[in-house]
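Input: one structure, supplied below.
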Amino acid sequence: MGYISPKARIRTQNIVEGAIVLGPSEIGERTYIDANCVIGYPIRRKVIEILEKEAIRWIRDFDSISKGSIIGSNCIIRRGTIVYEGVKIGNRVETGHNVLIREETTIGDDTKIGTATVIDGHVRIGSKVSIQTGVYIPPFTEIEDNVFLGPYVKITNDKYPPSKRLKGVTIHKGAVIGCGAILIAGVEIGEGAVVAAGAVVTKDVPARSVVLGIPARVIGTREEYEAKKKQWEELS
Amino acid sequence: MGYISPKARIRTQNIVEGAIVLGPSEIGERTYIDANCVIGYPIRRKVIEILEKEAIRWIRDFDSISKGSIIGSNCIIRRGTIVYEGVKIGNRVETGHNVLIREETTIGDDTKIGTATVIDGHVRIGSKVSIQTGVYIPPFTEIEDNVFLGPYVKITNDKYPPSKRLKGVTIHKGAVIGCGAILIAGVEIGEGAVVAAGAVVTKDVPARSVVLGIPARVIGTREEYEAKKKQWEELS
Amino acid sequence: MGYISPKARIRTQNIVEGAIVLGPSEIGERTYIDANCVIGYPIRRKVIEILEKEAIRWIRDFDSISKGSIIGSNCIIRRGTIVYEGVKIGNRVETGHNVLIREETTIGDDTKIGTATVIDGHVRIGSKVSIQTGVYIPPFTEIEDNVFLGPYVKITNDKYPPSKRLKGVTIHKGAVIGCGAILIAGVEIGEGAVVAAGAVVTKDVPARSVVLGIPARVIGTREEYEAKKKQWEELS
């Protein structure tokens, strides 16, 4: 039940039988697309529109409505990953299993996206970003280069849900967000800042500071964190 | 490897090749069932019983033991969603990807269920409920109409795990539960109450109150929350 | 698109059409492998190596590089579960849906692994362990017999991420970890200890103690917990 759109520009030989590539997608050299992946899945509005007009019996019936997505070279897209249309992914990007990347998202080179992560559309992610397992990234989030998102970090975009005003979180270069931390809509995480595991961040975090707790408060600096990290590493 | 049971009553033309519909399921008009979905997946006890008696080589071998599920009209069931047998879903319900809905669950009209949400069986969910990404809803939970469950809300049903007494959480009409909040077994969330992101709710929340923290305590009223929301929305 | 390696030793008749078994895997008597499961998925390094040398068009092209995995008898491996190579699973183990078990992991008899749980490789799990839905278990974690991990428990292995020294968490026999708790890299959870829902555990937990909060602190004993549990159970 795999399918590759005749409109797609495929520069790789590594699309596994069973993978689905819709619309005028572009897949770069040596990129691997696993079975049970979909590239170019149509957005909700188009699915609803086409269902009002005609019967859908094959996933390839979506081919005509998908504008496709662009995936660079030397990527690895693992089994179960779904990439919506209008996504642009750089080179040497890897996904784990069952990753969802929704529409109008851009992802830079060398970024890794862990299993079961959901990138919920309209998101900008830089290069060399490390996204661990099970992270949630909603619309309007901006994540700069070299950011580290620990397992199951959850980012929000609605301060008073359900409201009419969504405001994304911005995470500046080199910031580190610990496991299971929650970032509330609209906060800015400063360059090189560190958010401890389990923190709930309700206001902006200054650059190169370390925050902890619920609500998160400053407890130190990145320099102190790096010193402690060095000691910890030397114990091994 | 799709399969539609000859016992099923199918009123839609939109079952994508590769979808599986087991037992005497009923699928309403214009409902879309994506590839890689299963409707009517048999419960654990029946799977174990049949495995003791005969070999299972095809998913359709489950057809004889499934009592099927009922899905209303104009629903969208997205790729990877699994609905167990004995589920009743209303009209205009949508699921994201990789949603799991286990047995003996009822879901009202116009409810939306986000990607990777797990509804773990024996759950009642009303109409116009908004369930965001990655929510966990265990057995014996009751969720009334117009409730909003933010991303990765986790509900429990065992106060002293692992115990012999499971007690569900009840969430009354119009309540709002923030991202990543945990609701402890047996609590009642009052009508229109608001639980802040990251809270751990250990006791009942009065109607139209706002609670926050670990353990959650009352910090205000829904009216105050709505006033702040209005201000926030007007900033845009 | 199912595939069973000619190198595999299959002692069951219950491998559903559409399942994939790679390399010299061994599957025990009466074990059920659902459609859309993969057993013996190759590790990252091997995937990258083979992609540098040749085109991959079929999942069975991975057969030559997989060293396979061993699954005991009377297991149930549900739809969407992926088991990497080098995994050894005992008898009567069950997985929910979309479970990921990565390489060099051992799992004892009678252990249950809930839907969407990720076991991220190099993990040792004992017998009769109950792993609820959505749990995250990173490399170097050790979990002894009879442990209970509530829904969405998150375990970490990097105290100062991203660092060069990963240190696993050890959970001793019979410990209970509540819903959504976070265990920080390197901590030991003592035999029979209880971690409350939503706690963040930053240091070792003494045997048979109960801890709660962020950071978690001792609030009682397992004996007191069991007495409260008994009272709670008698209410029903």
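Each chain carries a letter (A, B and C) given by its place in the written order, and its residues are counted from 1.
As a working rule, a contact is a pair of C-beta atoms (placed from the backbone, for glycine too) under 8 Å apart; a residue touches a chain by one contact, two chains touch by 3 or more.
Here the structure is a predicted model, which means the values were calculated and not measured.
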{"item": "Equivalent interface positions on subunit B and subunit C, same or different at half", "value": "different"}
{"item": "Equivalent-chain rotation between subunit B and subunit A, CA atoms, steps of 5 degrees", "value": "120"}
{"item": "Length of the line joining the C-alpha centres of subunit B and subunit C, rounded to whole Å", "value": "24"}
{"item": "Where subunit B touches two or more other chains, by residue", "value": "1, 36, 80, 98, 116, 134, 152, 180, 214"}
{"item": "Subunit C residues within the subunit A interface of the complex", "value": "1, 36, 38, 41, 47-48, 51, 55-59, 80, 82, 98, 100, 116, 118, 120, 134, 136, 138, 152, 154, 156, 158-165, 167, 180, 182, 184, 200, 214"}
{"item": "In the complex with subunit B, residue positions of subunit C that touch it", "value": "1-2, 13-18, 30, 32, 34-36, 76, 79-80, 96-98, 115-116, 130, 133-134, 148, 150-152, 176, 178-180, 197-198, 213-214, 225, 228-229, 232-233, 235-236"}
